[in-house]
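Below, chain A partners chain B and then partners chain C, in two separate complexes.
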Partner chain A sequence: MKLKGLFSTAVAVLCGLVVLAGYFVRLDILVNASNTLITWAILLTAFAILLGIINLLIVHVGKITRKQKGGFYSIILIFAMLATFAIGLLAPHFPPASPAFDFAFRAVQLPVEASLMALLAVTLTYASIRLPRRRLSVFSVIFIITGLLVLLGTAPLPFLGDTPLVSDTLRPTIAQVLAASGARGILIGVALGALATGLRVLFGADRPYGGK
Partner chain B sequence: MADVHCPMCGKPNPEEQDSCQFCGARLKPLTGATPVDSQPIRAGEKPTKRPTSEFEKVKPADEGPIHAGEEPTRKNTGELERSLPSWLKSLRKGEEPPQAESPADASPDLNLPAESQPTPSAESSAESLDWLAGLGSAAAEDEEEVPDWMAGLRGASAPGLEPEAPTPAEPEQAQPEQDWMSRLGGEAGQPPADSPEQTVESAPDWLSRLSQEAEKPQPAETAEAPAGEPQEEPAAPEENLPDWLDALKSKSTVSEEPSPGSGNDLPDWLSGTPVAPAETDAAAAPVFTSEPPPARDAPTEVPDWLSQLQSDVRAASDAEEQAEEFEPAAGPFPADKSGEPIPDWLSRVDQTAPPAASAPALVMSDEGESPVEPSQAAFSLETPDWLSKLRPDRSAETQGSPEEEAEPENLETADLPSWVQAMRPVESVISETGPSAPDDAGATEDSGPLAGLRGVLPSNPGLGTMRKPPAYAIKLQVSDNQQRYAAHLEKMVLEEGRARGLTPARLTSNRVWRWIISIILIAAVLLPLVSGRQFTPDMKLLPSEWSNTSTVLNEFPADAPILLVFDYDPALSGELEASAAPVIDHVLFLGARLGLVSTAPTGPALAEQFLESTQPYHLETGLQYTNLGYLAGGPAGILSFATDPVAAARLTVDGDPAWETTALQGVSKLSDFAAVIILTDNADNGRIWIEQTRAFIGETPILMIISAQAEPMIRPYDDSGQIQGMVTGLVGGKTYEQSYAAPGLARRYWDSFGLGALAAEIMIAVGGVLGAIMAWRARKQAGEEA
Partner chain C sequence: MIGNEIILGLVAFGVVFLSAGLMLALSILRAKNPPSFRSLPAFDRLRRAVGRVVEDGSRLHVSLGRGGLVTPQGASALAGLSILRRLADLTSAGDKPPIATSGDAALALLSQATLQEAAENSGQLDYDPSAGRLTGLTPFSYAAGAIPPIRDENVSATVLMGNFGIEAALITDVANRSNTFSLASSDNLAAQAVMYATAQETLIGEELFAAGAYADSGPFHASSLTVQDILRWLAIAVMLGGALLKAAGIL
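What follows is the complex of A and B.
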């Protein structure tokens, strides 16, 4: 291991130990050091988002200059991004820009994303109809029956309200027992994985920051 | 200074030379003859076993048995020089240099039978001449340059046989001591008296002369017998006699007038031998007989065994001519390829003799029959070492010769002398010492490429027991499944080569179905909104988590700071607004102050939009809230905010100091909030908020307003008590709104939600069943087509 890798590993291990110690030992020096390190991490994350935006801009500018397919949409994207960015920068300091910024969000972004979610409802319905025809198997039948029971137990029937035996028994059993059991298993796995990853980073076994 | 003649090229060399200056051959042998080899075997003596290691020393390294079909290789016989017996060496040292008489010149004069095939009638003679046969065969097959000493030996015996005076002595006139010779010839079935001329013609004179010289001490007796014979035969011109023969004549007192060719036949070293009468008797007698000297009354007679030899040769030649049609494979030795002249006497003698392997030269059987005894007597002579050294070559070469095929099978087994046994092939020794093989195992192939080989093929046809081969049905055994598979395969192959017509594409594509589904769903959702009617009754079964949330909110003190976390995407804002609206309305009616924060970039805008769309009443009446904006860093940002909220979010979205606003007065840390209400559609965001704030939040309750899709992942935290209340989706919002008794957004969505879900359920159920039926029919049809 070179000196550079050794130094980076030592820095990473030290930062992790300090933040970890800040959880358990409430010393001011440790808490301040931990908060400082966390703040640095937040700044780096925010800057990473900015770098991502700049990278997206460069990619689409490249598509326009190379006259690739879909270049027109790249022009719209760049224009919208730069306009929104400019309005966002001006909004805190220029009051007339604030309503424009709100309008851009409420009139464009919010309806677009909601519409995409509505399309998802149509797509899921269509996929559920096509599933038995495309792949008729036991698991396909189970999947469809489960979906129908959850929908039937969740949504009230017109003029009937709750569906007996489904709304009070089947639907809660599926959602709170079967699904929750699977979710617990997933969460335990995630926790163990995070623990193992953290320990490996602390011990220097994993070096996602570089070095071998 | 005396010269030493090279044994290889015959040229004289100075005595001090170790090797020939002309050909490089060694003049002085490195080792002399072994004492064991020099011991003669006399008649009546039991042969003793001798170690074959001595023979191996002389034997060339590359020497090996020659099998049938192999080409003989040239052999250097120079190494055999050192194995010459002392008596022969002494003779050679005393000989005169050869008189430029090459073996090629002398060989044509030989009058020995040109060809002969071993026949059963010539068995005994063949046996007796086996040791010579090896010599002749070696010379004929090798076709190498014969050393002078060998050439001199041949030259002494070859020429002048025809004109030599015949020896009319009949077998009856021979001495009793010489009966072995006559009996030897008698075994061939042709008495020598029947063909005296043949005997005279074919007998080598040098042998007869040697016998005459051996009788020199009795000149009176030896002069009688041949007296009249030379007169009948045409005398050879005396001008052919060399000087050394003249000198020999002068020294001989009883010798007859020599035959014309006798002087040319005898080499100098042999002619010089009888010059000394006293020594010649002592030296020559042991050469040919170990018995007391035979009768000396017929010194000029050709020995009977030699005359018998000629008769055998004639008989064998006749028998060969008659047996050609029976022995097509038998022929002359295959050593005539190099074209070098081969002495006829050697080739004839050798061809006359049967193969050594099949008919041992010395039959030492004690229980041998009477005809064998003369041969024993004949070979009780001292065997020259050089001949014994030559024997392995001959035996090896004749082992695979075609003549072996003509070996008669009725020859009795005889005991071999040790020196012959030592020369026998290893295979024969092994066959004798090993367990007796079956009689049919030693069958000799008499034709084909394996001719001459013994025991190669089994005597019985086939390698195993004879068994009738099982009968196999020619008809192919095919099962029904195999026939069906074959039919399918044939059908597939035929279909591949058949042109298919273009079928018109179906107009009902997926896009149409999607439009149909979309229209149905939109219609179901818009119907309650457009009609204004209530299609679904209120819920009768309230979720269990609703009561916990309501209880926590009711315990809030008035004017308590509440932290609202907007961590959802705009796509799910409709669900979450409908779910959170009754809860936030409840909180605002309690007089709580709100602090808004988000870990999503769109969160602050969503928070503003949420309050404006769902809480217009509270905004108009002086709602106090502070929008802290966006928390960057994800989990780190949440941790930072949980650790020190003042440091993590110093300003509002408008740029004002956040913690100096009315809504956040008295709040410096996370635990100062009366409650933390998290609105999220992502289970991971909810999990991170719970986990990162747990260590800093103290006794502050956490309430979760989540989307229905995040319920399975968040519910474990609710069940474990890490969160104090949870409102899930539109159902939770409708429940909270229904219990709050103020119809709102959830109520408006409830009918649309119910009708849309019902429409989706119907379409999925019907479509699923139809799809399953179609798939089943397609499978069935495919199975039928297959």
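What follows is the complex of A and C.
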């Protein structure tokens, strides 16, 4: 391992151990050191957002200069990004800019995200129809039947109201017994996996900060 | 109340300490004899897809999700970075480096560092910093930004690994329409459900964290998987014991 990698690994492992120790051993010195390190991490993350936005800008400027497909959308993105950034900088010092900043979110960002959410409903319906053709297995069949039963039990039928047996017995059993117990099992597995991943980073076996 | 907190803290510390000790011991013991794992079709297909990327000169797209490193979702982001590193090494013989998209700025920076290091290790001098990209900071803007690389940049395999919400379905749907292989995994339950319906291969639950071990990332990954199994059996025993004690009226 190069000296730079060794140094970054040592710093990362030491910081990780201090934060972990501060969580379990409630000594003032450890808790304060742990809180300070977490605050530094949050500050660095905030600065990373600025770098990330510059990266986004560079990627889209590159798309325009290389005349790649979708370059026109990149022009719109850059224009919107710079305009929103300028309004955001002006807003605290120039009160008329503040409503424009709110407008950018309410009139552009929110409707676009809501449209994508609506598109997602169609996408999922279509994907569920195609699922048996793409991956025909026992689990796929169970997945589709469960989805249909929950839908039928949740949405009342026109003129008939709730579906007998499905709305009052089957759907609650699926949602509150089968799905809830399965979900808890998956979440326990995810928590154990997260613990193992954290320990790998603490041991320096995984080094996302570089230095193989 | 405070007594309970101290006991829970000690139990948690005991679990972490036990896991760390087991992981260290197993990685030393099994360094020469790596354990064999049950076959997961998703990883078999991923290996084939990576081989195809190298052979036909296409690109691999790894999407790392939106898990912030200072949030509880950071572990899934780290697992994603780990598999990105391994896949970047495996595809280094190909014509084009992988693309990594993220919905968190710090994660995007780390993906750039990971890709740069993989490029340097394989002797590629022309590393493109735009290969690691931040595509958006909200769930849907991130998903919308991760779609164009799949369509426009000759991608033949898309791997989603990290913290995603239901917006992941938009990415996997485009991957399907572009006839590219898609493997998806998230630590979020709703995302796992939509991924099951839309992706070609899905990793459920802790399989996300097993990716490193299946991609031959080293003895620590293999031993961490064994530790996960031991802890799972321990959790099952504790739950069954608790249920029996409750039924007997002792608890």
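Simple rule for what comes next: the second predicted complex is superposed on the first by the 184 of 212 C-alpha atoms of A that agree within 3 Å, B and C clash if a C-alpha of one lies under 4 Å from a C-alpha of the other, contacts with A are read in each partner's own complex, and residues count from 1 in each chain.
Heads up, the rule we're going with is that a residue touches a chain if its C-beta (ideal position, glycine included) is under 8 Å from a C-beta of that chain, and two chains touch if they have at least 3 such contacts.
Values in this document were obtained by computation on a predicted structure and should not be read as measured data.
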Which of chain B and chain C A:92 touches, first, second, both or neither: first
Touched partner set for A:55, first chain B, second chain C, both or neither: second
Touched partner set for A:131, first chain B, second chain C, both or neither: both
Chain B versus chain C as contact partner of A:183, first or second or both or neither: both
First (chain B), second (chain C), both or neither touched by A:82: neither
First (chain B), second (chain C), both or neither touched by A:162: first
Which superposed partner A:116 touches (first chain B, second chain C, both, neither): both
Chain B versus chain C as contact partner of A:45, first or second or both or neither: both
Touching partner for A:208 - first (chain B), second (chain C), both, neither: second
Where chain A meets both chain C and chain B, residue numbers: 38, 41-42, 45, 49, 109, 112-113, 116-117, 123, 126, 128, 131, 134, 183, 186-187
Of chain A, residues touching chain C in the complex: 20, 24, 38, 41-42, 44-45, 48-53, 55-56, 58-59, 62, 68-70, 109, 112-113, 116-117, 119-120, 123-124, 126-128, 131, 134-135, 143, 183, 185-190, 192-203, 205-206, 208-212
Chain A residues touching chain B - in the complex, by the definition given at the top: 22-23, 31, 34-35, 38-39, 41-43, 45-46, 49, 92-93, 101-102, 105-106, 109-110, 112-114, 116-117, 121-123, 125-126, 128-134, 136, 141, 144, 147-148, 151-152, 154-162, 167-168, 175-176, 179-180, 182-184, 186-187
Touching residues on chain C, where the partner in the complex is chain A: 9, 12-13, 15-16, 19-20, 23-24, 27, 68-70, 72, 75-76, 78-79, 81-82, 85, 104-106, 108-110, 112-114, 117, 121, 129-130, 132-135, 137-141, 143-145, 148, 152, 166-167, 169-170, 173, 176, 187, 189, 192, 194, 196-198, 200, 204-206, 208-210, 212, 218, 220-221, 224-225, 227-228, 231-232, 235
Footprint of chain A on chain B - complex, ascending: 510, 513-514, 517-518, 521, 535-541, 569-574, 601-602, 605-606, 608-609, 631-634, 636-637, 639-640, 643-644, 647-648, 653-655, 683, 687, 695, 708, 711-713, 715-716, 719, 729, 731, 750-751, 753-758, 760-761, 763-772, 774-776, 779
